[in-house]
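Chain nomenclature is as follows: A, B, C and D, assigned in order of appearance, with residue numbering initiated at 1 for each chain independently.
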Amino acid sequence: MTSHSDSRTVRLGLVGVGRIGRLHAQTVARQLKQAELVALTDIDQNSAQQVAREFGVPKVATKFQELVADPSIEAVVICSATNTHVPFIIEAAQHGKHIFCEKPIAADLSEIDKALSVVEKAGVKLMIGFNRRFDADIQRLKKAIDSGEIGTPHMLRLVSRDPAPPPIEYIKVSGGLFFDMTIHDFDVSRFLFGDVVEVYAAAGVLVDPAIGAAGDVDTAMITLKFANGAIGSIENSRRAVYGYDQRFEVFGSKGSAASANHYANTVTVSTNQSIARDLPLYFFLERYTGSYQAELGAFVRCLVEDTPPPVTGLDGRAPVVIAQAALISYKENRPVRLSEIK
Amino acid sequence: MTSHSDSRTVRLGLVGVGRIGRLHAQTVARQLKQAELVALTDIDQNSAQQVAREFGVPKVATKFQELVADPSIEAVVICSATNTHVPFIIEAAQHGKHIFCEKPIAADLSEIDKALSVVEKAGVKLMIGFNRRFDADIQRLKKAIDSGEIGTPHMLRLVSRDPAPPPIEYIKVSGGLFFDMTIHDFDVSRFLFGDVVEVYAAAGVLVDPAIGAAGDVDTAMITLKFANGAIGSIENSRRAVYGYDQRFEVFGSKGSAASANHYANTVTVSTNQSIARDLPLYFFLERYTGSYQAELGAFVRCLVEDTPPPVTGLDGRAPVVIAQAALISYKENRPVRLSEIK
Amino acid sequence: MTSHSDSRTVRLGLVGVGRIGRLHAQTVARQLKQAELVALTDIDQNSAQQVAREFGVPKVATKFQELVADPSIEAVVICSATNTHVPFIIEAAQHGKHIFCEKPIAADLSEIDKALSVVEKAGVKLMIGFNRRFDADIQRLKKAIDSGEIGTPHMLRLVSRDPAPPPIEYIKVSGGLFFDMTIHDFDVSRFLFGDVVEVYAAAGVLVDPAIGAAGDVDTAMITLKFANGAIGSIENSRRAVYGYDQRFEVFGSKGSAASANHYANTVTVSTNQSIARDLPLYFFLERYTGSYQAELGAFVRCLVEDTPPPVTGLDGRAPVVIAQAALISYKENRPVRLSEIK
Amino acid sequence: MTSHSDSRTVRLGLVGVGRIGRLHAQTVARQLKQAELVALTDIDQNSAQQVAREFGVPKVATKFQELVADPSIEAVVICSATNTHVPFIIEAAQHGKHIFCEKPIAADLSEIDKALSVVEKAGVKLMIGFNRRFDADIQRLKKAIDSGEIGTPHMLRLVSRDPAPPPIEYIKVSGGLFFDMTIHDFDVSRFLFGDVVEVYAAAGVLVDPAIGAAGDVDTAMITLKFANGAIGSIENSRRAVYGYDQRFEVFGSKGSAASANHYANTVTVSTNQSIARDLPLYFFLERYTGSYQAELGAFVRCLVEDTPPPVTGLDGRAPVVIAQAALISYKENRPVRLSEIK
C-alpha cells in the first residue's frame, strides 16, 4: 500500500488569503505532512505577505499567473473571489496543475461547463471545496446510511441557520441565499441521499427588509425530491440570534440518525432561573474547522495516491443546478424539475 | 371568583368506548371533580357494559338517542366512528346538549358546516378534541411565542412520525394520511402560528406498498405558508421503528423553542458498544395521556364557568380545509391556496 | 395464576391525611381496582372529613383504634406522625390487620424490634413505604444490575438534594438529615447494591446556621461500603435553588447506568443569552408521584396474591441502622461499621 | 500592553518524547507563535530523531545536560520519567533555565522541596503540567465559581474513570492510583475549591486482582474537606468499558455547574433497539488535547510577559500531599488531616 510515491510531498500554490484561504494556508503549514505551501498570492499583497510570514510560506507571487507558471508547483488552491474561479481553473488546467477550488465554481452553468471541459481535456484533477462532507457529524450520518443502520432512506432534514446576515454588498453579488448559503445544504443533500430531481422553495424576507430590497430572501423552507424516491427539507435563516444552527437528520426504514449543534464547552449551569448552557460555536469557521482541514488533507491524498478527488467538478456543478431551480421555484411558486435547467 | 355555579357538577353522557372513549370515561371518573359520567353507550353493548362497570358509570344506554333524551344529562362526549360525528352533533344540539366531539368532525366541509350551523342555532357549546393543544410541551411552545420569548415567529417545524401504520382497512375509510394523521399537525400549526394560507405537500409510498394500493401515502413533507408571513414544515411517516416521534420547533426573530420526545425513564446505559437509552413512549395513548385528561377538564370548565370552549367548531373545520388542500397539492404537485377550497 | 381470590377487593383503613396520606387515599380511590378505602382517621378530624368527602370514603373514624376494631377492614395504611408508627403497628398486628407503614418505622431500634416481633407473632404482612424502589428510573437501574447489563457492581452514586429545607421545628423532631432525608438514599443503596457494612459521613452546616443551631447538618457526603465489596457515595443538600435534584448512577465491570432529573416539559429555549430549559419538578410529591401510586399497588397485590411484601419490616429497620452509624461517623469523624450498632 | 518583549520568541529545549512529550513538541511547532523548539532529547535517541524530523526541530541532544548547557535555550520542557523530574529541575534551575515540568514532580516531599528550593534560589520560573486547569469545561466551572454564578461553594464531585488500566509494570513504579491518576483530580479540586484540609479514601481492588497483587487499588471513592468548609467527592476507576469518563460538578448556594463527556461526533442513532450514540473520546490524549496545547501556551506567555506561572511549584507539591494523606487514609481506614503529612 505504502509505495514510494505515498510518502512524497505535494508542492502547492494558493490564491486568495481571505478567511478560508488563510485557514487553508494554516492547514497546509501545520497539519499536512505530505504537502508544502511554496507560494501564495492575493490581490491584496500586504495580506499575502502577512499570511506568508505567519505560516512560513517562502514566496509571495504578484499574481495567479506566476503560480501556474512555476514548474515546481504541482497543484493550486483557489480561494479568491467567485468570479475568478472559472478563469483560474482554466489557466491552472492549461498549465497542467491539479486544482482545489472553493465553492461555488460559478453561478452560470455555461461558465462551469467551460471550466470542466478544459479540466477534462487537460487530464488534471479538480476538487471542489464542499467542506461539510468531511465533517465528523456528516460523515457519521453518511455511515449510518451506507452501513444500512437506518435502512432505506426516506426523509432528510437539514436545519441550517446563520447567526447573522452577511453585508448587503455581499448579498448583491453572491447570487443570493440559494447560491451563497443553501448551496452547502444542496451539496450535503446530494452527499447523503444522492441525486435530486425536483425542488420546491418557499421563502420570504422576515429577518431584514434591506435584504429584500437587495433582491434576496432571508428565510427559506425548501423541499427536495430525490431520484431514489426520498423527500428532503432544508430550512434556512440568515439570522438565528443564538448562533450557528446546524442540525441534520436522516430517517429511513430501520431508524434515524441526527446530529446536534457544537459548543465550546459542555457545562450546564443550574440556577433558580433555568437549566442553561452557553451558546453554540458562533459560525462556520468555528463549527467546521475540522472539516476544512480534512478536505484539504483529502485533496493532497488524492494527489499522492493518484485516486479520483472525493468531490468532483460535477459535484461542484450539481448544487448550482439545484440553486437555479430553487430560485425559479421561489419566483414562480411551483415545484421545478431539475431537468428544466439547461 | 368561585360562585355557586363554579362548584356544581356537570352530568355527562358518552358515546363510543374505543381507546379514546375509554380514556375519556376514565378521566371523568377519576380526575374531574366537577364532572360525573352518568351514562354511556356503544354499538358494542358488551364493551359499554364493561367500561361502565370499570369506572362506576350507573347506566348503559342502548343508543345515542337515549343519551340525548335524558334530561339529567347536560353534555355529551362523542367518541364514536367519524361518520357518526355530524348526525350525533346535530341530535345533541337539537336536544340542547353541549358537545365534546373527537376530531375530525367530518371529511366533507358541507357536512361540517351543516353541523356547525345547527350548533350555532341551538346555542350550545361545541368543543373539538384536538388534545395536543393541551400537551405540556406544546403549551410551553405556545407560551414561548405569546410571551415574546422567541420574538416574531418565522419558521415552524413539526416532526410527527407514528411507530406503525394503522390497518389497511382503517386507511381505506379514514380519508388517508392528511386526514387521519396530519390533521393533528395542521391543528398544532394553527394553534402555534395562526391561519394557514397555502400548502404544498410532497408525499410518497415508502413504508408499505399496500398503503399505496389502498390509495394513500405513508410519507409526507408538507410546507405551510401562514397569514403572518411565516413558513412551516410538517414531516410525517407512518412508521418510525424506534417509536412515536413527536418533536416540534418554533423559530423567531429572538430565538427558538424546541420540544423533545418523551420516555418511560431517564436512564442512560453506557457499555462498550454505545451510550444508549430505551425507546420513547410507544404511541399517542402513552405520549399524550396528560393532554387527553387536560382537554376534557377544559371542556368541563368551560361549561361550569360558562366560557367559550377553547377549541371551537371552526377550529375543527380549519384543519380539514388544510387537509383537503394538501391532498390536492399532492395529487397535482403544486402549492394550493386555502382560498381554492370551497 | 388468576385465582378467585385474585379478583377480590381489599378493604383498607388509613390513618393520617397529611400530604402522603392524602396521596395514598387518592391512589386507593382512583387507581387501585382491587382496593377500597372504607374508613380513615386523623387527629385533625376536619381534614379527615374533607379527604373522605373528596375521595368518597364512607366512614371517618375518631381514632385509629376504631379502624383496627372494624372486622371488615383487612389492612391499614399508617401515614401518621413517626412517633405513632410503632404503637399503631402493634395495635394493628394484634388485631390481625396487615400493615402498610410510612418510613421510618422509628428512630429507636429497640422500638422497631418490638414492633417487628409483634408483627411476626401475629403473622400479618408489614410493608414499609420506601416508595423510591417503585420509581421507573430506579427500577431501570435495578434491572441494569440484575440483568447483568453493567456487570459486577463497583460504584454507586446518589445525588439527592432537596429544593428547600423543612421547617426548623420539623428538623428538631425528625432525627435530623440522616434520618429524615438520607434514609431514602440508604434504602435505595440497599435496594440496588445490597447490604451495607460500613459508613463514613462528612457533613456540615452550609445552607442555614439555624439548622446547625437546631443540632442538625444540612450538607453531607456519605461513603458506603457494601458487603459485596462495592463502594457508594451519597450527596445530600437541604437546598438546591434550582429544585429537587435526584440523579443516580450505578457503575460496574461492564458499564454504567445513570438517571437524570425530571421536568414538567421537554422544551429548550434558545435566545441570545443561553440555551435553557425550565427548572425540574419541584419536590418529591411531583417527582415521585408514580412511585407512591405503584408502591400502594404492590401492597394491595401482595395481599390479594398472598405473596411476601416487596419492602419488609427488616427493609424498614436496616436504613435506620445505617443512619445511626452515619450520625456516629459524623460526630466522631471516623468510618463506622454497622456491626457496632446494637 | 504589547511591549517589544511581547513579540519575542522563546527558545525551548524538550526532554522526553513519549506521548505527552511528543504532543508538547507538536504544540510548540504548530501552535505557538512565540515559541521555538530548538532542541530535544530522549534516552531513546531513535524516537528523539523521529520526533525532531516530524516537527522540524533542528537539533537532537544526546542528553539533558546538553540542553541546559546550550546558552541559546531559555527554558526546558521536562516530559521524561517521573524519577528524573527532580534532578532535571535542579540542573535546569542551576543553569538559569525556566522550567515546564510534567506532573508529578515526585512522590517524595523532601525531594520536591529540594527542587523547589533550588528553583527559588535560582529565581527561575517553574510551571507544573496540570493540564486540566486549561480545559474549556474546567475553565467554565471555575468561572461559574469565580463569577458568583453558583454562589458560595458547598459540594464538589469529580467522576474520573479511565478506559483501561495501565500496564502492571507502570503501576509498580507510579506510586499507585492516588499518585498517578487521582493526582489530577486532587489538582482540579484545589483549582476549583481551594485548599484541602482532610481526606478520607475508601478504595478496593474490583477491576483486576493483578493490580491488587502489585500493591495498588483500582477503584476509589475519596472524600475531601476544604478549608472553606465545602466537601468534595472524587470517584476513580481504572476501567470504564465505555471509555474515558470525566464529569465534574460544582454545587453552591446559588446553583450548580456540571460538565459532560466529550464525543467525536454528536450523532444519535435511533433504531428499534435503542436511542444511542457512539462512545466518548477514548482517553486523555483525545479528551484533553486542547488543554495540553493551552497549558504550554500559558507557559510561553508567562515567559514572554514575565508574569508568574499559572501553575506553580507549590501547586505541584500540594496534590502530592493529598495523595500521601489518601494513601494513609486508605491503609488505616480513617480520615487523615493534611497537617499530619510532613
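FYI, a contact is a pair of C-beta atoms (placed from the backbone, for glycine too) under 8 Å apart; a residue touches a chain by one contact, two chains touch by 3 or more.
All figures in this text were calculated on a predicted structure; none of them were measured in a lab.
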Completion exercise
Those chains that touch subunit B and also touch subunit A are C, D
Handout entry: Interface with more contacting C-beta pairs, comparing A-D to A-C
Key = A-D
Exercise for the section: State the chain with the largest centre-to-centre distance from subunit A, centres being mean CA positions. Expected result: C
Problem - subunit C-subunit D separation of Cα centroids, rounded to whole Å - result: 43
Problem - Chain centre separation in whole Å, for subunit C relative to subunit A (CA means) - result: 58
Problem - Separation of subunit A from subunit D, taking each centre as the mean of its C-alpha atoms, in whole Å - result: 39
Problem - Set of subunit C residues in contact with two or more other chains - result: 240-242, 245, 254-256, 270-272, 278
Completion exercise
Per the touch rule above, subunit C residues touching subunit A in the complex are 240-242, 245, 270-280
Handout entry: Residue ranges of subunit C in contact with subunit B within the complex
Key = 30-31, 33, 54, 136-137, 139-141, 144, 149-150, 254-262, 264-272, 278
Completion exercise
Residue set of subunit D touching subunit C in the complex reads 151-152, 154-155, 157, 159, 161, 200, 202-204, 206-207, 219-221, 223, 225, 229-233, 235, 237, 239-242, 245, 251, 253-256, 333-335
